[in-house]
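Here the chain labels run A, B and C in written order, and each chain numbers its own residues starting at 1.
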Amino acid sequence: MSDLVGDAVNAGGDKLQDDKQLQSALNPPARQTLNKILLIPLAVFFVLVFILAIGFRLEDAHLLPSQLIDRPFPEFELAELHDEQRTLTVRDLQGEVSLVNVWATWCPNCVIEHPELTRISNDEGVPLYGINYNDDSAKARAWLQRYGNPYRFNIVDNEGKLGIDLGVYGAPETFVVDASGVIQYKHVGEVSTRVWEETLEPLILHLRGQLEEKAGTD
Amino acid sequence: MIAELGHFSLILALGLATCLAVIPSLGVYRSRMAWMQLGGSLSLGVFVFVSLSFACLANAFINDDFSVAYVARNSNSALPIQYKVSAIWGAHEGSFLLWILVMSGWTLAVSLFSQGLSVDMRARVLAVLGTLNVGFMLFILLTSNPFDRSLPVFPLEGSDLNPLLQDFGLIVHPPMLYMGYVGFAVPFAFAIATLTSGRLDSAWARWSRPWTNVAWAFLTVGITLGSWWAYYELGWGGWWFWDAVENASFMPWLVGTALIHSLAATEKRGVFKSWTVLLALFAFSFSLLGAFLVRSGVLTSVHAFAVDPERGMFILIFLVLVIGSSLTLYAFKASGIKSDSGFEITSREALLLLNNMLLVVAASAVLLGTIYPLIYEAFTGGDKISVGPPYFNKVFVPVVMLLFVVMAVSTGSHWKKTSLDRLVKRHWIPLLGSVIAVSALLLLFASKFEPIVVFTNSVALWILVSLSTDWISKVQHKRDKLASLIKQPLSYYGMLLGHTGIAVAIIGVSITIYYSEEKDVRMEPGSVVTLAGYDFRLNSMSKITGPNYLADQGEIEVLKDDESIVTLYPQKRVYRATGSVMTEADMDPRIFRDLYVALGDPVGEDAWAVRIHYKPFVRWIWFGGLLIAVGGFVTVADRRYRKRVQRQAIVDTAGALA
Amino acid sequence: MKFGKMKTHRRNRLLLVVFILVSSGGAVSLALMALNENINLFYEPEQIVRGDAPIGQMIRAGGMVKAGSIVRSSTDLKVTFVVTDLRESDFTMQYEGMLPDLFREGQGVIAHGALNDQGVFIAEEVLAKHDENYMPPEVSKVLANAHEADGEEKPESTL
C-alpha cells in the first residue's frame, strides 16, 4: 500500500485530482515494518545519554564544600591595607553579623560583584570587611580608589596564609560571620543581587534574629 | 534601552521561529499550499530579528555599556575595538547568540537557494530548521541571556576579555566553527524531511550535497584555525592536544567527512541510502553533543565555558529530544530502502564504504576517549582519571593510516566494478617509487631515519602521485588537452584539492612530530643556546607598554653559521584590567620550518626561563587544512552540477505536486 | 541478469556483515587495550602520603601549591614546591622546565609524572588552566575530601 503511494510519487506526472490524493501523496501512511537493526543507533544513543547524565549528576557533587562552617573564624594578625601600622585580629570581626569578602586586583569577577557589595554595604547596614588576598598592597589601594571602597577595613593577606586557613579556592569568596565570630556560610563566586536576596539576606536576618533573642533573654 | 531592544527582538525571532516550525508542517499535513509557502518569509523574519539582536549586543560592546552584565564580564573600555567586537563571542552567552545568528543564516540560505525544491519538501526542511531555531532560542532566553542587566548598580569598568582571546585567531575561529557545526543542521533537516515524506530516493542526496560540503568546509577552516591559534597563542608550541573541546569539533568533522563521501555514492549510484541518512543524523548529533560537552562542564578543558548545571540539563534534554526523536523516526521509516544497484567488492563503492567504516570507527574512538573519564567516574564512584594523548595516538593513528591507504587506492577506481588486477597494475609503481623517494630524501636531509615517517610520507607521496596521474589520464587521450582540463567538473577539482590537502597535512604532521626539537633553558642577557643548528642569543630584556598590558620583552637573535637570520621578540604580558599573565610567543615562520621562542618566568636576577622550539614542516599542517577546505568550497561552484540540480528540481516538483 | 545481481548482492551483504563484525570487534578491543594502558589515575596528597600511589608509574597528582614553598634553582630551570590538601597531607613536587602562566602559590595545580623512591613527585608536565578563577575538579575534590574527613557536613554552595 505505502509502496504504491511511494511509487506514484516517484513516477511523477500522475495528475492528482483532489486534496485527499495530494494529502496521501504528501503524507504516506507510516510503514509498519520495523527493521530491528535500525534500532541499534537509537540504543547506542541512549547508552551515551545515560553516561552523560551520570557524569552530569556527579559533576553536581563536585560543588565546593563550605568547610569551616560553624567553626570560629581562624586566628590571624595582619596589617590593614590603608593603615599598615594597625594590626587586625579576629577580635575585630566580632560584635556584629558581618560579611567578609575575599578579593584581589587580579580577580576579574571581583570587579563584577563590586557594585553589589557597595550597595549592600551602603544600603543594607551590614558591615563589610575585605581580605585582600595574594595581592600587591599598592595595586590594591589603587583599585579601591578607582572602584570605591565599601569595606570597613581590609585585611592584607599578601602571603595567602589567612586564605589557606580559610580554605579559599580563589577570589571572590564571601563569608557570613556571626556576632561571636563564627563562620556561618561561605559563598564562592561573585555576589549578585540574586545571591544577596535569596541566600545572604535571609541568613543575616536569621542570625540577627538569634542575636536579638539572645539579647532579649539576657 | 538598546540591550532591551536586543532582548525583545530575540523574543520576536523566537515567535517567528515557532511559526516557522509549525505553519509549514501544518501546511504539509493539511495540504495548504499557502501555509507551506510561508516558510521563506518566516525564515527571513527570523534572520532579520536575530541579526538585530546581535547588532544590539555588538552596540553594547562597542559603547562600553557595562550595565549589561555580559559586557561587563567580557570587555573593558581600554580593549582595542576589534577585540570589543570579537568579545561578543568571547564567552558562553554571546557565543551562543552567534550560534543562533549562524543558525538563522543557514535557515535563510536554505529558503533562498531551495526555490527549485518541491513545495512540500521545502516546507518540511524549513520546518525542521525552524524547530532547531526554536530550541536554541529557548536555550539562550531561558538560561543564558546575554542582555541581562546588573541594575540599579553596575560597574564603571568592565573586567576585560580573557587575554588569550585577544587575538586575531579567536576573532575568526568561532564563527567558522559554528558555520560548520550549525551547517550540519541542513543535511540533518533534509534527512528528516525525506524520512517524514517517505520519499527515500536519492534526490535528497543531491540536495544535501552542496550544503554538506559547504558546512564541512567551514568546519575544516574552523578546526584548522583553532589548531593554528593554539600553536601560537598558548605558548607551548603544540598544535593539537586531544583536548575535550578540540575533540568536540573533530568528531563531527570525521562523521561529516564520511557523510560527504557517502552522499557522493548515494547521489551517483543510489547505494547506501539508509546509511547516508543515518550519517546525516549523526553529523549534526555530534555537533550538538560537542555543544553539550563544551557548555555543560561535564568535561574539563582549557577552552570550556563556565559551569552551569541548568544549562547542561537544558542541552541534555534538547539532545535527547532532537537526536532521540530523529533516530526513532529513522528506525521506523528507513526500513525497506533498497539500493538502486549492486557493486563488486573491489569497486569504488566498496572503497567508499570502507572509508566510511574507518571514519566512523575513528570518530567512535575519539568519542570513547573523550567520555571515558565520565564512564570511569560513574563506575568507580567518583575516581578521576584523564585519558592522555597516547590513547588517541595509539587508536586513532592506525585507523587513519589505513584510511589514507584506502584513499590512495581509491584514486582512479571505478564505480560498480574495478578489477583487482587493474588496481595493482595502476598502483604498484607509484607506491614503490614513493617509498624509495621518501627513504632517499630522509637519508639525505633528515637528522635521523624514522621508519614511521617513511611509511606516512610514502603514503602521502603515493596519494599525490595517484592524484596527478589520474588528473593527467583524464586528458591524455583528448585532442585539445587544455580545454579538456578546464572542462573537468569543479567537483572533480574539489576532490583533487581536498585529497592533496590531506597528503600535505600528513607530511606536516608526521615530520613535525618526529623531527621537532625543543629546549627549556635558563637564559641571561648574553647567553647563547644552540638548537637544531641554530644559535639563539638573548641580547637584552626590556619593559614595554601595550594598549592594555605591560610586558617584559626579550630580544633574541637567531644565528646560523654565525650569520644573523632573524631577531625574535617574545613577551610576557600582564594585562592591566585583570592582572592575568600571558605568554606571547614569537616565531620565525618559513615553509620548511618554524623557530619558536616563548618566555617563561623570571628565575632570579636577570635570568629568564625560555622555551625554544624548532618545528620543521609545521606550516604544512594548516596549509593542508586550508587546501582541504578550499576543495570543499570548490565543489559547490560546480556549474554542471548546479544545472543538473535545477533540471531535477523541475522533475521533483512535477512528481510531487503535478 | 537480475539473478546475477541478486547473488552479488547477497555475497556482498555477507561479506559486509563479516567485515563489520571483525573490524568493529578489533577496533573495540584495540581501543580498550589502549585505554587501559593510557588512563592516568589521579591521586590526592593524602593517598600519596599514605603510600597508596604506585612508585615509578605515570600518574596524575595535584592539590594546592603551598605558600612559600617554591624553591628555584639558581643555575637551571629546576623548581620544587610543596603540594598540599590544606589539611595534613603534603608532598614535594619537582619539575624542570617552564611553568604555566597561572602557576602560583595558593593556587590549584595538577601535574603528570611519577613518584620516585624518596616520595618526591617528579612532574613531567604541570598543567596550565586558562582561567584564574577556575579550579580543576580534581583539586576541588581533594579539598572537599580533606574537609569531609574532618567530619564536617557539606552544605550547599554554588560556583
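The definition used in the following text is that a residue touches a chain if its C-beta (ideal position, glycine included) is under 8 Å from a C-beta of that chain, and two chains touch if they have at least 3 such contacts.
Being a predicted model, the structure only gives us computed values, none of them experimental.
Looking at A-C alongside B-C, one finds more C-beta pairs in contact between the chains of B-C.
Seen from the C-alpha centroid of chain B, the farthest chain centroid is that of A. Work out the mean CA point of chain A and of chain B, and you get 32 Å between them. Centres computed as Cα averages put chain A at a distance of 26 Å from chain C. Taking each chain's centre as the average of its CA atoms, chain B and chain C sit 27 Å apart. Counting partner chains per residue, chain A has residues 59, 106-109 touching two or more of them.
Touching two or more other chains at once are residues 132, 137, 141, 159 of chain C. For chain B, residues that reach two or more other chains under the stated contact definition are 307, 382, 578, 580.
Partner chain C is touched in their complex by these residues of chain A: 59, 62-69, 106-109, 133-134, 159-161, 163-164, 167-171, 185-189. Chain C makes touch with chain A in their complex at residues 64, 66-68, 86, 104-108, 132-135, 137, 140-141, 143-144, 147-148, 150, 152-159. Those residues of chain B that touch chain C in the complex are listed here as 162, 164, 234-236, 300, 302-303, 307, 341-345, 350, 353, 357, 361, 364-365, 368-369, 372, 376, 382-388, 390-391, 394-395, 398-399, 520-522, 578, 580-583, 598, 600-601, 603-604, 609-611. Those residues of chain A lying in contact with chain B across their complex are 2-3, 5-6, 9-16, 19, 22-23, 25-28, 30-31, 33-35, 38-39, 41-42, 45-46, 48-49, 51-56, 58-61, 104-112, 114-116, 118-119, 139, 146-147, 192-193. Contact residues on chain B toward chain A in their complex (touch as defined above): 28-31, 69, 72-73, 120, 150, 152-160, 197-199, 201, 274, 278, 281-282, 285, 289, 292, 296-299, 307, 309, 312-313, 316, 319-320, 323-324, 327-328, 330-336, 371, 374-375, 377-378, 382, 577-580, 651-652, 654-658.
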